[in-house]
C-alpha cells in the first residue's frame, strides 16, 4: 500500500535550506542519463559522475537532457542544480518528495514539480513518485526517485527523430515529458473506472459484505490521486503565462492543449466521486433489501405457524370437559381448518406482494 | 450503452501531433457534403475527394460549408484542415473524439469542438458524438463521427432560403449549427425530465426493488451529460468575445442568446440533480415504510398469539392436581378469556394506529 | 400543477428568429391596455388594435404604458415591438415564455424578462408566468401571458396620483412594476414558510406516511421557484449599471433597493432549503422511532411469553416418570414460578427504560 | 419564539417610499435620548419632541448622538431623518425592520442597518431587532425597535470619559456602537456553544427521543442567526472603504478590527454547523444502537427457548408407541439435554460478543 | 480537553483598546528572553524587566529577538509594544488570545498573529496557543502564552550559526519562526492521520460501539484545527505581498515556500475530512451488518423450529380419534419428517447464502 497520508516528520527542526532527501532510499546508486540532441545528431551516454555530464553539456552545441534516477545522493543533486544556478530552496524542493505540484519561475530558470502516477502490475494499486524539472536555456534536468518508464517513449522519439522533438528546443522537450505524464494519468483513471464498473456490476448482481470495503479502498485511492493532481491545473495555468526567453512563443499552444488535458483529468476524477457516491447508495440499498428479505421470510413463517400452533395448543389442553375432542371427525375438521388458515395467509402475502 | 467513462488509452506514448483517430471506425468511407451558397443561389454537391471540394470552393465567390461525416480517414481530414492552414494540434483535436468542448482562436481561423447529443430510438438512451468546427473566412468545415441529422433543418433553411441564413456569412451559419445542437440538448433534457417524472410517479404509487437501479442509471447518464456540456458555458463566453474580422459585429447578439440557452441547459441539469436526490429520499422512505409494515404484521400476529398459546400450554400440563381441569365449564371460560385477550390486543393496536 | 420541468420542444428545428409563441394559448384575444399619463393628466384606454395604440402614443406628449395580456397573437406583438425598433431576437424572446430572466441593453431600448409568481386560490400551489418589458424613451410596453393582477396597485397609483409615479418617467414606472413583482415573491415565500411550519408541527406532533410526500412536493416547488428567481440577482445587478439616457440618474438608488430585496428573496429560499433538510431529518427520526417502538412491543411480549410457554411445555411432556407431576402443590408452584418470571422480566424492561 | 421565517406581507401593494412601520408596535411612545458631548463636557437629555432635539443639536458645537427607541411613530422618524437630508427610501428602510444588514453611502450621509441579537432571560432563546444608524457630520442617530441595553456601556464610557470616545468624532462613536453589537454576538454564540455541548453530553451519556428535537431547534435558531449576520461581512468590508470626510482616516484600523471580529463570528457559526451535523450522526448512532440492543435481547431469548420448546413439544406428543417415554430416566436426560442446549447457546452468544 | 468552542465573554462591554489578557493566567511571572545576534557574534540574556531589554537593544548594533512567554502582565507587554510604536489595537490583539490568525501592516511595523499547535504527551490531544509577532526594523518581538519549545531549534541555529540565519535580518528570523510553526502542523497532522488509520483498522477488523465516539472526537478536533489554520493561507498570501523596507526583497521566495506548505496543510486537512466521512460510512455499514447478522440468526432459528413445534403440537392434541397416533411407526415417521424439514430449511438457507 502506498502511504499518501503519512506526512514525513523527518525534516522538523532543521534549518530551511538544509538538504535532506525525504523519501525512502531505494537504489544503490544514482543513475545519470545524458541525451544530447540537435536536428542533425543525437548521443546518449551514462556519465559516471555529474561533473562528467556537466563537461559534456558545455561542449555540446545543441540541446541536452539529463535524467537523474534516484535522489538519495544529495551531493550529486546539489552539484547539477548549482551548475544551473538554482536557489537553495529549489534544491531542497527537489529532494523533498512530498511537495505539492508547483511551478516556480526564477530569473534564469524554471523549476517544476509534478507527481507521476504508476499502476503496480500485480494488483493495479496506484503508486506515485515526484518528478522535478529544471529548465535553463538549452539544458533540461529531470529528477526521479525511481527508474521510471513513462519517459521511454519520449526517448525513443528523440533517437528515432519522430515528430518535432528534435527540431524544437528543450522547452518542447519539457512539454513532451509533461504530456506523457498527463497521458499516463488517463491510463490510471481508466483503471479506476474499470474497477468502479466492476464494483457496480457486483453491486447490481451479487452484493456482499466486502463491497463497501472495496468502495472504501477505491475512494481512498481517488482521494489521494485527486490531492496529488489537483494543484496541477494551477501549475499548467501558470506555465501558459511564462514568456520568452524561458519558453519560446510557439509553445503556448501546446501548453494550452496540456492544460485542457489536465482539466479533463480533473473532471473525470470529479465525476468518479459522484459515481462512488452513487455506488454507496446502491450498496446501502442492497443491504436494506437483504434485511427486508430476511424480515419477510421470518414474518411469513412466524405469521403462518404461530396461529396454527395456537390451535394445536387448544386441543392439547387437558380439560375434562371438551366436547370437540370426542366428536369422531373433529381431528379432520381441525386439520382442514389449519390448512384453510395456511392458504388464507398465503393468499394475503401474495396480495401484499411478499411472495 | 455508451461508454463515457472509458478513457481511451490508444494514444498513450505517441508523439503529440501524431494523427490518430481515437473513436471506433464505424463507416466504410468518409462522406463529404459541400454546400455553396450566396444570397442569390445555392448548390449542394458530394465531391468524391477532398481535393475536388477544395477546387470547388476556390472557384465559388460566396460562402461554403463542408460537412465531413466520418473521421477515420485521417488523410482526408488532414488535407482539408491543412488547406485552411490549421495547426497540427488542431487536426489532432479534431481526430481525437474525447476532447473537452473547447474554443481555440488562432490567428486566421477558429476551431470549436462541442458534443452533440442524440436519443437512441429504441430505449431513449443518450448517445453523443463530437462535432468540430473550423471557420476561416468564407469557409466553414464541420467534422462529425457519424451521419447526423441535427443539421438537416439548417440545410433545409439554406436550400429554401428561409430566415437570414443566406443573407449572412459563415459565422452566422456557425451560430445556426450551434443553435440547433443546443436546441437538441433541450430535447434530451426533456426526455430525462419525463423519465424522472415516471420514476417519481412509480415511487409514489408502487415502488419496487428496481426503482433504485433506474435512479442510478439516470443519475449516471445525467452525470455524463453534465460533464459533456459543462465546459460549453465557458466556450460560449469566449465565443462572445471574439471580434472582427473572424466574427462579424452583428453576430454577438445571437451568441449572447446562445449563451443564455446554454445557461438554461446547465440550470436544468442542476435542478435535475436536486430532483434525483429528492427521488432517492422518496425511495429510501418507501423502503423504510415497507419494512415498518412487515414488522407491524409480524408484531401483531406474534403479540396476539404468543400469550394465547401460553395459556393453552398451561392447561396442557400434566400435573395430577389441577383443579380447573375438572370444573365443567372451565374449557369455555378459558376460550372466552382467550377471546377477551384477542380483542383487547386488537383494541390496543387500533389505538396505536397499527391497524 | 405547473409544469416547470417540461422544456418545450416545439421550437426545435426552426430558424432562430422564427416567431412562435411557446406557451399554451389560453385566451381568445389579446388584451391591450394603454395608460398615458403626465404629472397633470392621465387617460386609460383599451385600443382595439395595436395600430390604434401606436397612433395614440404618437399624439400624446407624456409617458405611455402599454400592457399586453396574451402572447398568442404573434402579429400584434411583432407590430408593437417593431414600432419600438426591437431586434428580431428580442421579439422571439418575448414570445418564448421559457426564457431565463434576463436583461438586454440595446442601443435604443432595453428588454427585460422576469418571472411573475402567483398563488392559486384553492390549494396555494405556485404558478408563474413570464413578464417582458420593453422600455424605449417615454414608452414602456409590458407583455404578459395571462391577465394578471399584481400590476393593479401600480395602475391605481397612477390614476390616483399617489407617490412619485406621475412625477417621474417610464423608467420609474418600470421600477414600480418590478418592485410589485418582487414584493409578490415575498407573499409566495411567506406561503411556503407557513406550509413548512405546518409540516414541522405535524412532524413533531403526529407524523404520518404522507409527511414525506408533502416535504417532497414543497421541495420540488421551491426548487422551481429558485430556478426562476436565481438569475434575477444578476439582472438587477446589470440594471443598476445601466446609465443615462436609458435610465435617469436618480433611479439607481431605487434599483439598489430592489437589488437588496432580490438578495433577501434568495437568502430566504436558501434558508428554506436548510429548513427542508432539517424536516427530512425529523421525519427520518420519526420513522426510526416508530420502528423502535414496534420492535420494543414485539420484544417485550415475545421475551416474556416464550420462556413461560417453554415451562408449560415441560410439564406437558408425557414421560412416565416425572415426579413433580405427582406432587400435590406442584401446579401452584409452577404457576407461582411463572408469575415470578413475568415480574422479573417486567422489572428488567423497566430498568432498560423500555416501559 | 421569534418569528424569523415570517416575511411580512403588510407592505405589498403600497407605493415604494410609503412610510409604514413593519414591526409590531410594542411601546406606548417613542423614547428620544440625546447625548451631546465634546472632550470637555457632556450632557444627556430626554427631549419631549424631535423638534426640541433638533434645536439642541443646532446650538451645541460638539458631537451629538440621538438614540430613538420605538419606530411606530412614523412622523418622528421622518422629521429627524429629513432634518439630516435622508432620502425617502432611507426612511422607508429605517421603518421596515426586515431589512438585510446593509450600508448605503449617500452624498452627505451614510445609512447603516444591522441586526442586534439578544438572549431572553428565561430560556436563552435568541431574539433580535434591527438597529439603523444615520451618520452625518457631527450627528449620529440610532433607531431601535425596543429599549435596548447593549449600548449602555457606550453611554457609560461617554459620561465617565473612558477611553478615546470623547476625544474622537461621531464616526468613532458609530464604531463603538457597532463594536458592542458585534461583541454581543459572541455572547449569543457562547450560549449556543454551551447548549451544543449540553446536547453532546446528553447524546453520549443518555440519549432520548427528544434529543433530535433539541438539535432541530438549535439548528433552526443558528440558521436564522446566520442569515441575519451573514451580510454583515460585506457591510463591514464596504464600511472600511468609505473615505474622508464621512469617516476620518484613522478610523479604518478600527473598522478592520471589527471586520476581523465579524469574520470570527462567521467562522464560529460555520463550525457550529459542522458540530450540529456531528451531533446528528451521534444521535442516529444512538438510535441504531438501541435498536440493535432490542433485537439482540429478542434474538437471544427466542433463539434459546424456541428449540427447547420444540423438544418439550416432541415429548408432549400422544403417539402410542414412543419408547423414550417409558424409560425411567428419560425425563432427567431430556432436562439435561435442554440445559446443555441452553449453555451451548449462551456460549455461542458470548463468542459472538452479544452478551 | 481544549476549549476551542468557548468564546470568552470577559471582554464584553469594555472600551475597545482596553488592555485585558483574555487567556487563563498560567504562569507566575513573565519570562523575557533577549537574543542579540549579528553575523559575527550572538548574546542571549534574560533581562529582569522590559526596560532593561529595551536598553540592551538600543545599544546593540545588530538584530534583536525578544521572546516573551506569558501575557498576563499587561504592563510589560504594553511597554515593549509602545517602545516599537504599536497602535493600541495591536496591543489589544496581542493580549486577546482568541484572535483569528492575521497580518496587519502598519506604517512602521508589521503585526502577525498565528496559532501554534502542540500535542500533549499523554493522550496526543491537540492543544494550541496564540503567538504574536511584532517586526520593526532590526527588532522582532514574539509573544507566547506558555513557555514553548517549537522555537528551540531556531535558537540553536542562531547560537550555532547554522544556515543563513545570522547572515540575514530579522525578517528572515520571522520566516524561520513561522516555518517551524508550520512544520509542527505537519507533526500534528501526522498524529491525526495515525489515529484515523487506527480507527480505520478497528472498523475493518472489530468495530464496536465506541468507534463512533472516537470518530466524533477526532472530527471535532479537526474542525477546530481547521478553523485555527484556515485564515493562515490568506495571511501568508498577504505576507508575500509586503515589500521593502519592511521585508527585504530576497525573502519573498522563502515566504512563497511557506505559502506552499500552508496550502499543503489545508489540503491534508480537507482530505482528512473526506477520510472521516468514509470512516462514518464504514461504521454505519458495520452497524448494519451486525443488525443483519442478528436478524439472520433469529430468522434461521425461528424459521426452522416454529414449523417443527407446530407438528409436535398437532400430535399433542387430545382428540379421541387420531388414527396416526395408534400406528406403530408413526412416531419415527414424524421424527423423520421433522428431520427432513430441518435439512430442507438448511438447504434453503444455504442457497440464500445465509449460512
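Read from first to last, the chains carry the letters A, B, C, D and E; within each, the first residue is number 1.
One rule holds in what follows: contacts are C-beta pairs under 8 Å (C-beta built on N, C-alpha and C of every residue); 3 or more make two chains touch, one makes a residue touch a chain.
All values derive from a computational prediction rather than experimental measurement.
Peer 1: Working from the CA atoms, figure out how many degrees subunit B turns to land on subunit D, in steps of 5.
Peer 2: Between subunit B and subunit D, the superposition angle is 145 degrees.
Peer 1: Examine where the copies subunit B and subunit C touch and state whether the two sides share over half of their residue numbers (same) or under half (different).
Peer 2: On the two sides of the subunit C and subunit B interface, the residue numbers are mostly different, under half being shared.
Peer 1: State, to the nearest whole Å, the distance from the C-alpha centre of subunit B to the C-alpha centre of subunit E.
Peer 2: One centre to the other, that is 43 Å.
Peer 1: Distance between subunit C and subunit D based on Cα centroids, please, to the nearest Å.
Peer 2: 26
Peer 1: Check each residue of subunit A and list the ones that touch at least two other chains.
Peer 2: Residues 291, 295, 298, 302, 306, 309, 313, 316-318, 322.
Peer 1: Building nodes from the protein chains and edges from chain pairs that touch, which of line, ring, star, complete or other describes the result?
Peer 2: ring
Peer 1: Applying the document's contact rule, which stretches of subunit B touch subunit A when the two form their complex?
Peer 2: 5-9, 11-18, 87, 89, 93, 98-100, 102, 104, 209, 212-213, 216, 219-220, 223-224, 227, 230-231, 280, 283-284, 287, 290-291, 294-295, 297-298, 301-302, 305-306, 308-309, 312-313, 315-318, 322, 324-326, 328-331, 334-335
Peer 1: Flag every residue of subunit A that touches subunit B in the complex, lowest number first.
Peer 2: Answer in residue numbers: 153, 157, 162-165, 175-176, 179-180, 183-184, 186-187, 189-190, 193, 196-197, 204, 253-254, 256-257, 260, 263-264, 267-268, 271, 274-275, 278, 281-282, 285, 288-289, 291-292, 295-296, 298-299, 302-303, 306-307, 309-310, 313-314, 316-322, 354.
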